[in-house]
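Alright, structures below, take your time with them.
What follows is chain A paired twice: with chain B in the first complex and chain C in the second.
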Partner chain A sequence: MKENNPNKDRLKYLLFVPTMVILVSMTIVPFVFSLLTSLTNYKATEPDNWRFIGLDNFTRALMDKDIQSSFVNTLVYVAGAVSLEFVLGILIALLLNRKMRGITVIRMLLLLPMMATPVAVGLMWRWLLNTDFGIINYYLSAWFEITGPNWLGEYALAMPVVILVDVWQWTPFVVLSLLAGLQSLSDDPIEAASMDGASSWQMFWNITLPQLKSIILVVLLIRIIDAFKSFDVVWTLTNGGPGVSTELLSLRVYRVAFKFWETGYASAISWLFLIIVMLITSQFIRFLYKETPK
Partner chain B sequence: MKKGQFNVKKLKMVLMISLSMLILLTACSNNSPEPASEAAGNNQSAAGAADKPEELKVLYATVEAGSEAIIDAAKAYEQQSGIKISVDTFPYNNLQEKVFSELAQKSDYYDLIAIDTPWVPKIIQHIEPMTSYIQNTKSPELLQLDDFIAKAFLDTSVFKADAPQQNPPQMDTIDLDKIVSEGFDIWSLPIQSNVLTVSYRKDLFNNEENKAQFQQQYNRELAVPQTLDEYLDIAKFFTRDTDGDGKIDLYGTTLMGKKHEANFVDFKSFLSDFGGSIFDDNLVPVFNNEAGVKALETYGSWVSEHKVTPPGVLTYTWDEVATVFGSGQVAMGMNYHDMKLDPKVEGGDTGYFVFPGVENGGEIVRGPHFGSWGIGISKYSNNKQAAYELAEALTSPDVQKGYLNFKQHVTRNSAYVAAEALPDALSKEYYQVLGESLKVGVGRPRITNYDQVSEAVQIAVSEYLSGKKDAKQALDDGAKQVQSLMEQAGY
Partner chain C sequence: MMGIMNLRMRRFLWNRMLDVLTYMILLVAIFPVGWMVLTSLKTSWDAQSLPPVWLFVPTFENYQALFSSGSTSSNFGGLLWNSVVVSFVSTVLSIVFGALAAYSLSRFRLKRGKDIAIWILSTRMFPPAATLVPVFMMMSWFDLIDTYAALIIPYTAFNLSFVVWMLKGFFDDIPVDLEESAMIDGCSRMSAFVRIILPLIAPGLAATAIICLMFSWNEFMFALVLSRNEVVTAPVIANQFITMYGVQWGELTAASTLMTAPVLIFAILVRNHMIKGLTMGSVK
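This part shows the complex of A and B:
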């Protein structure tokens, strides 16, 4: 048996302190501060002039039509982007999960959109989609003699376009994660099923997909959380417009906090936002644990 | 098990120690500044103690307020005074955040700060009133208040500390005594005034063929338009297919249709032309009245009915307008600076004119939006007197004349007189138009929740332009939202 050395223990905890200080100062303090702020009418521009107002900010947020519409927009955005990314991601992953020439180059190319900064992505697509100078409308006109629409200026088009830009950037992430999953699967069950005369669809539906379930859930979880937090691309593409058609909750929080300087109210909205995201993601996590073999 | 419990206990202790250390550190670093009233009272003594600081720091905008000119003037002041001048510049959005957070933290880092007019009601308690410094100026030849364009000065710099929403007394020449006697103070010195002007393709206007065709079509001469109706006629005239491929490649005009501050001030200019305003004297929103609906319908008709704007106009702000005009795709374009044509536009020549108006009772009513930048002293600066002297120098008559070399939108009458002697005819023309426009310009509402109100109007305009609502419905909904915002803000 090893003997406990108290000095060694003390050193161990002492070494632990800097990490804790950083963790507490970077995470817990802002977290607690934002919770306390959400219960006040605190404005960053008038730091001396605040008072506790209980849950007023929370009730105001729940009644606020701008918050309601931006919440609906966020749900549409997350559902649209993540489901498209998943469908396309799994199709492309299946396509790439075979021996073919140039596969390494394709995988490398797939990484490119993910590596780009979201603001740069937003700006790049803003110019590509520009009605008057954009390359997309130029080729629509030159090749198909179609007058391209005002992609970001039309109420009905703006949200689908914003979703497609997110799909462009993040589908590769889904592809690479699922591809890694596919390549880790054993070939034996597929071979056995094949010898039993199962069709490709039957093999995919009954063997491949169930085995990938855990990875799919993790990928969806990451993408859902990320999509809920989307800000830069939408901000640079549409600034939430036209009207409020692409105003996501993240944009609303930013506007309330840093344009209108209603810090207390913005904190309350952020907390409501966090609770909603946690409720949704906790369902995924629960499902994930249920599915993971013990 | 016991060992585990012991470890958790220790872990809790470490956490507690860490948290306490952090709280202690936070408490220690909270250098509570002196109360605002005391700080205001101590100006002169503080100024006396730190008469000549080693360095003055200026927080300034980039292109929005002509940073090149200011940096150049600051260098000259540095040589003359021996005080090092550091100018930090930020683009508009970043600057707003920087200014607000610096002031909210009561930071003494910056001495002088560039202030956009709509920010003033929100940050007035953090700015040092300049009135007493002006009254005790050591350099009246640099100050010359009566030389400032009165309209720009009153809109930018004159506010009541406890009621910033109140408009100052109107006057043609700045009268400090009158301003003070009515309870107002001066909070900054105006350094740049931006106003909506129109840039146009002079080469197209002067083309003999165009002139003859226009005369035949509209029974009048093709000339700079005075009214919005005349402007629309010219815009319609120039909207055409120039290369015969069956597609329109030249449009009459630009607008700023994106949901953005640019769109709010664009609509506000039309609204003022039609005799409307965002608020009445009691700060009740009235932009949904007859004038507002007429203004919005006129604005929208250029896009959807007459189609005299490029197809992408609903995504335009001031940047896109400058690009489109520069590329030669439009005959006329409205913006807040002198737009230039790309050298690739063959035979292109630019001219400028004042934003047209609407005829009302035999008079033409014009209301181009204007917004000015002031340069103000941070209440938390340790070098207030020196900062004031720098502000005075940066806005002085001679320095403003030097700003003409940088195309700065100067704020003094004497600078506009000096601009008449500029060798470059185009610059001369622009300054003439700028000066005239400033005289008829209409500023922004003076409210603490300006950004929220602006956004509500932007949404209303955007919903009309994108066809979601009709003009009356969109404006009524916007006005309802603005009313509720005003109530929330305590008006």
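This part shows the complex of A and C:
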């Protein structure tokens, strides 16, 4: 085993070839391709009739009211869902971290919402929340004599409800990650602090939370990235409606590309979407590196 | 004495209250999926009746309808088969390719190895919607729309960064001495990798594969755009139970149950590794 065996040297790079071919052909090549189409007025329905129009698509996108509102919707959705998931997630993780019977079963059941097919999740909630046939409004009126609102049909309500469905689906992920973190912590500092008469809130805030910091930050990053990717649940729940009140950027890209068939314009929007997500997540990663020196 | 009793009593009551709260949260977590399974076992009449029917004789008529010709989705079996093909092939490809790359990252000193690792990880950050349009154009360019390849290639790509990152972690945990002693005994590096390293990481490998399967099985957006008739997967058609045929709750919930069940069964089999997998190895 010589260190500078040329065969071994070749092997260690050869092992990357399949991964690199697939990743480059599904990320860098499409990005270059869409950068080129974004400079044209190409429409997939009229493939022979196009010309370069410079940055027109980008200036149009920046002025487009629908793009602006889907951008705001995306930010509201990501910020709303992820922050609620963390507040609830931490509380529920603490709740489950007591000595409890059946904790293995509970942990297994908590996998349900995030493992269920998202399209099925969207359709189920759409049914449960339906004004006329939905079980939620039925029991609201049968038990409490409240006329339930049209959850997914009202402008002001649709976005909060869509966010709550995401919260329903992904809070268990936060709970289970933090629970795993909590259970790997040693009891010693907590015991010492409780000997000294610290309150449970002080112990949580000053001892438990700092130890969980790195897990919290990583799980937060994963949730932010995945929330930006959301498409299927919102698609099946509201399809962006009513109006464009729950239309996320991902749904907007789909609509412009495959309903209006404005391929060039959709490519420009895709690029703006990519830049926004990369800016936000890379800032977050930089922050994360600063906070958790390794 | 009374004070201590009171304290114990209060702590006991407080704990029971927290137990009740826990069960209520659990109920909210499982109700929609549970209701889906229950409804799929009702007659189509019971499925849409209000007040909701809680006690009923289970029937499989919705499932039979899904697979019998003449129903709204006469080829649901075919759709499930498409889902199986696409998700299994893409999972196998991403595990094989990813394992090779991860092994190289873990064991060899590479020029710019860290940059490569970070680049591979960063591909997971890209929102798929941003590549949807160009991938669609490339696939039509190569005349691959409505073929298995059109779905398998992007799914493999989406899973690869996750697989490389996960498996690199598993390989890093295995001491190098193990394979070096095997190589001194005459094994080639590749056979040491297959015979010694892979069996050691088998549980982690299984969990990683199942998360890949789950992703490909559940994926909707690319399937919607890149399939027409031949390779339509189950999630795409589930949506059409509402938009095209009016609402058929019995059959829709049966279809949803069939889509969700395989993932759940697999997830339960590897439940101890699920969280490690879903957090890309950062939670042990």
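What we mean here is this: the second predicted complex is superposed on the first by the 275 of 294 C-alpha atoms of A that agree within 3 Å, B and C clash if a C-alpha of one lies under 4 Å from a C-alpha of the other, contacts with A are read in each partner's own complex, and residues count from 1 in each chain.
In the analysis below, contacts are C-beta pairs under 8 Å (C-beta built on N, C-alpha and C of every residue); 3 or more make two chains touch, one makes a residue touch a chain.
Here the structure is a predicted model, which means the values were calculated and not measured.
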Partner chain in contact with A:195 - chain B first, chain C second, else both or neither: neither
Which of chain B and chain C A:150 touches, first, second, both or neither: first
Which of chain B and chain C A:243 touches, first, second, both or neither: first
First, second, both or neither for A:279, with chain B first and chain C second: neither
Partner chain(s) touched by A:63 [first = chain B, second = chain C, both, neither]: neither
Chain B versus chain C, judged by how many residues of chain A each one touches: C
Contacts of A:15 with chain B and chain C, given as first, second, both or neither: second
Touching partner for A:25 - first (chain B), second (chain C), both, neither: both
Which of chain B and chain C A:261 touches, first, second, both or neither: first
Touching partner for A:131 - first (chain B), second (chain C), both, neither: first
Overlap of the chain B and chain C footprints on chain A, listed as residue numbers: 13, 16, 20, 25, 29, 44, 126, 133, 258
Residue numbers on chain A that touch chain C, as the complex places them: 1, 8, 11-13, 15-16, 18-20, 22-23, 25-27, 29-31, 33-34, 37, 44, 92, 95-96, 98, 100, 106-121, 123-128, 133, 135, 138, 142, 168, 172-173, 176-177, 180-181, 184, 214-215, 218-219, 222, 225, 228-229, 231-232, 235-236, 249-250, 253-254, 257-258, 263, 266-267, 270-271, 273-274, 277-278, 281
Residue ranges of chain C touching chain A (in the complex, touch as defined): 15, 18-19, 21-22, 25-26, 28-30, 32-33, 35-36, 48, 50-52, 93, 96-98, 100-101, 103-104, 107-108, 110, 116, 120, 123-138, 140, 153-154, 156-158, 160-161, 164, 180, 183-184, 189, 214, 217-218, 220-221, 225, 234-235, 238-239, 241-242, 247, 249, 252-253, 256-257, 259-260, 263-264, 267-268, 271, 274-276, 278-280, 282-284
Residues of chain B touching chain A in the complex: 10, 14-15, 17-19, 21-22, 26, 97, 100-101, 103-106, 122-123, 125-126, 247, 257-260, 310-315, 320, 323-324, 327, 329, 449, 451-452, 455, 458-459, 462-463, 465-468
Touching residues (chain side chain A, partner chain B) in the complex: 9, 13, 16-17, 20-21, 24-25, 28-29, 44-47, 126, 130-133, 141, 147, 150, 152-155, 238-245, 255, 258-261
